[in-house]
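Structures incoming, each one as structure tokens.
One chain, subunit A, links the two complexes that follow: it is found with subunit B in the first and with subunit C in the second.
Up next, the complex of A and B:
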């Protein structure tokens, strides 16, 4: 009984002090190379300083701009292409093998080419985000549109809906949950890929900031930056999750049941 | 059968059209401002890299296979470390609720961080080189493997376990003969995702932190202004990614052939 209680308390909040304790001990006793690992307190101090300083806000803004820009474009292209490919069998047969040819290539591999063509700057980040988030969104959209219940379509056709109304009123709403899941996955990839791009080819944003901290020999800023990257990514992912819960759980229940 | 053949043809038509258009536009000089070479040049370079090797900047004379071997051996080390640590932890968490309660929060804290964000920290403490690439691959493959193992073990049909217990299986037998086989499909999913992640990360790590491998090859090709080598490298990287994925799927299908019979 008591052991169960301990587990529960640990799970609720005790893990945070435990984590900090482990981190502090790690910082105290582990020396990697000539540098000691920064302690949590030092890291948070640095984080607060960077935050007050405004540099962190600027970096977050830059990263969000890149990921927002690229992700929006990618979502627009992927959802419309996916709807087309899911809707039209011929289109699917024409395009699917070609897309499968490109799909396995990891995003990072495209980076040197993008840098070669457009140079270091804004564009590589945005293009890589588009590539990284494109396929999850596309595949989920195709899947969603292809798996719309045929009953709905037949019913709508029987009731005399035109093609456009059928698309807007039946197919897209029915495929929407799947599209949302694709968007959430795609966003996860977009964030991941953006960090790769910022570490290599973009000279702004959170990824660049932590790389810069390597050259200025500030491990505590690296960790502060990593925490920020994790928190921002988590926050945006939660945003999508709430969106999905709201739509799938509230709105869809009404229709399906 | 005839219908299926027709489907494949349609796809191939698009692919051929793409390459013809690419070749034509580059022959007409439309791609020159983008510095993108024609597909024929790329394929020539590809085979040259495959067979003879090309001199690329500070890398010296390189062949594709040597670079691929470097990258793949890194993936092997990092991936098997991730498997060796991720699988037992995931299994343990799925098996024991208390362990899960203790470790779960570690996952909520560490998982949202993109794996590549560990690179600067690792560069700082481990320095550029193999260690950093191992570490990043390990991080990238660890989470998919352990999380998929966790959910696979958790979702093993309770009926199987009860039946096995009723039949008097010992704990070890229960694990090896019931739980692990039943969880294998989920574990394979984790392995496939983890391996894909590992391959993407090794290429990315080689761009910044390591001086050999396919990622380093295309990055050096960038510095010596050889877009044809970059494209040839991208093609080879994509081929290996595809090969790895298909290899795991093939392995899964062969190892789990019995499962089809069981489920249906």
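Up next, the complex of A and C:
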């Protein structure tokens, strides 16, 4: 039992010493002009310093606020619109061609226009987050609602459910697994798009911090910032994973039969 | 058939079906497939009627039209002299695949229809508890459907249907997906509930002994397009002995007609 556990822990964490070794060697032998590549130790020292003096917390807070703001708005709009389009065939036929047309334009391509119109600040960042997370949520919601099994709807109708109850008690719960998957994907995109936006259109947050570190010639801060972005992103994704597991596993076995 | 039995003396007519016709369009634009070919039927209150026909004869479509889940091309279905134009809680249905909502517990599944009709929570709880006991599922109130066996799921569906206190209950091969033993057990429970509630039940099946065991009357149907071949009055006294001679003689008679 215990030896199995040790093997498992070993498999899981072996990459860390390996990475540190490669990184250390890289830092030792690679020189960037007059600069040497920051070593792991130096980077973590810097990270700790940034953490202690509060700038890192402030940047994380700012990024989380923007991504939370934009994502919440996006989720509200996309789930409502997706439900409407999934349930109402006409709505779908009218809106789908238009949405298909703008969908292939990546969020980054909207950046210049958004900055041109609204300048640099809170609004462009949030707008891009909304756009970036909108489609995965919308498409998964439409898909979820369109694929609600007919037998559930029939059963609900013979039980006397009206339109509103049918929507709230049957259609949305039945589509919920699909919607949650959309939300999780959408959040991944939101986080990615926010960091890109912060490099150009927003003057705060983790993305802005790593960009600033370029101009202040602190490569160790860039790497510290990148690691933070990764860890925070992972943490948020895990949050969604746990939510999905907790909510869905209770009954999803019943759907597959 | 066409007289409609308007003059029934002992009990009131609850359902009347007149000249029901239904076709399905074919995918390759050929002739539409005729499923129901002019069906007349009258069912009186408190009666257990089985619709017995070969697989694929259209009896399930027939029941779906009666329940308001499908539309006929022509003909009419009356419930208490009112046209049935859509599904509703006073003529609810129990399905072969149970159709329980997997995201709701047993209790919530049973209470949903009551909630929709506007019954208060305390009363809902009391009703659902009552019907959970009636189908012997006490202790499973807070279980989810995937934690139950097929037989238990169908018990929940039966409780859900009866809890609505409908005028008539439609049952579409409700025991078709169950193993033989569970099937027999549920037939016996259904009869017990039927005799204690006096609900009108219209029951679709292709199983002869099931129909004979359960029904007051058996409507034997033809192959597609479905027509009423003959109606049997089952006069064997309840509880019916499946191994007794009258039961088996009756089954034989019905089976011979069904397969003729």
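The rule we apply is simple: the second predicted complex is superposed on the first by the 240 of 257 C-alpha atoms of A that agree within 3 Å, B and C clash if a C-alpha of one lies under 4 Å from a C-alpha of the other, contacts with A are read in each partner's own complex, and residues count from 1 in each chain.
Basically, contacts are C-beta pairs under 8 Å (C-beta built on N, C-alpha and C of every residue); 3 or more make two chains touch, one makes a residue touch a chain.
Predicted model, so just to flag it, every value in this text is computed and none were measured.
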| item | value |
| --- | --- |
| Touched partner set for A:26, first subunit B, second subunit C, both or neither | neither |
| Partner chain(s) touched by A:161 [first = subunit B, second = subunit C, both, neither] | second |
| Which superposed partner A:151 touches (first subunit B, second subunit C, both, neither) | second |
| First (subunit B), second (subunit C), both or neither touched by A:15 | first |
| Subunit A residues touched - subunit C or subunit B, whichever exceeds | B |
| Partner chain(s) touched by A:239 [first = subunit B, second = subunit C, both, neither] | neither |
| Which of subunit B and subunit C A:48 touches, first, second, both or neither | neither |
| Which superposed partner A:90 touches (first subunit B, second subunit C, both, neither) | first |
| Contacts on subunit A seen with subunit B and repeated with subunit C across the two complexes | none |
| Subunit A residues within the subunit C interface of the complex | 151-152, 154-162, 165, 169-170, 173-174, 176, 250-255 |
| Contacting residues of subunit A [partner subunit B, same complex] | 3, 7-8, 10-11, 15, 19, 32-33, 35, 37, 90, 93-98, 101-102, 104-113, 115-117, 191-192, 195-196, 199-200, 207, 210-211, 213-214, 217, 219, 222-223, 225-226, 229-231, 233-234, 237 |
| Sites on subunit B touched by subunit A in the complex | 7-8, 10-15, 18, 34-36, 98, 101-102, 104-106, 109-110, 112-121, 123-127, 196, 199-201, 203-204, 207-208, 214-215, 218-219, 221-222, 225, 227, 230-231, 233-234, 237-239, 241-242, 245 |
| Sites on subunit C touched by subunit A in the complex | 67-69, 86-93, 95, 97, 99-104, 112-113, 115-117, 144-146, 160, 164, 170 |
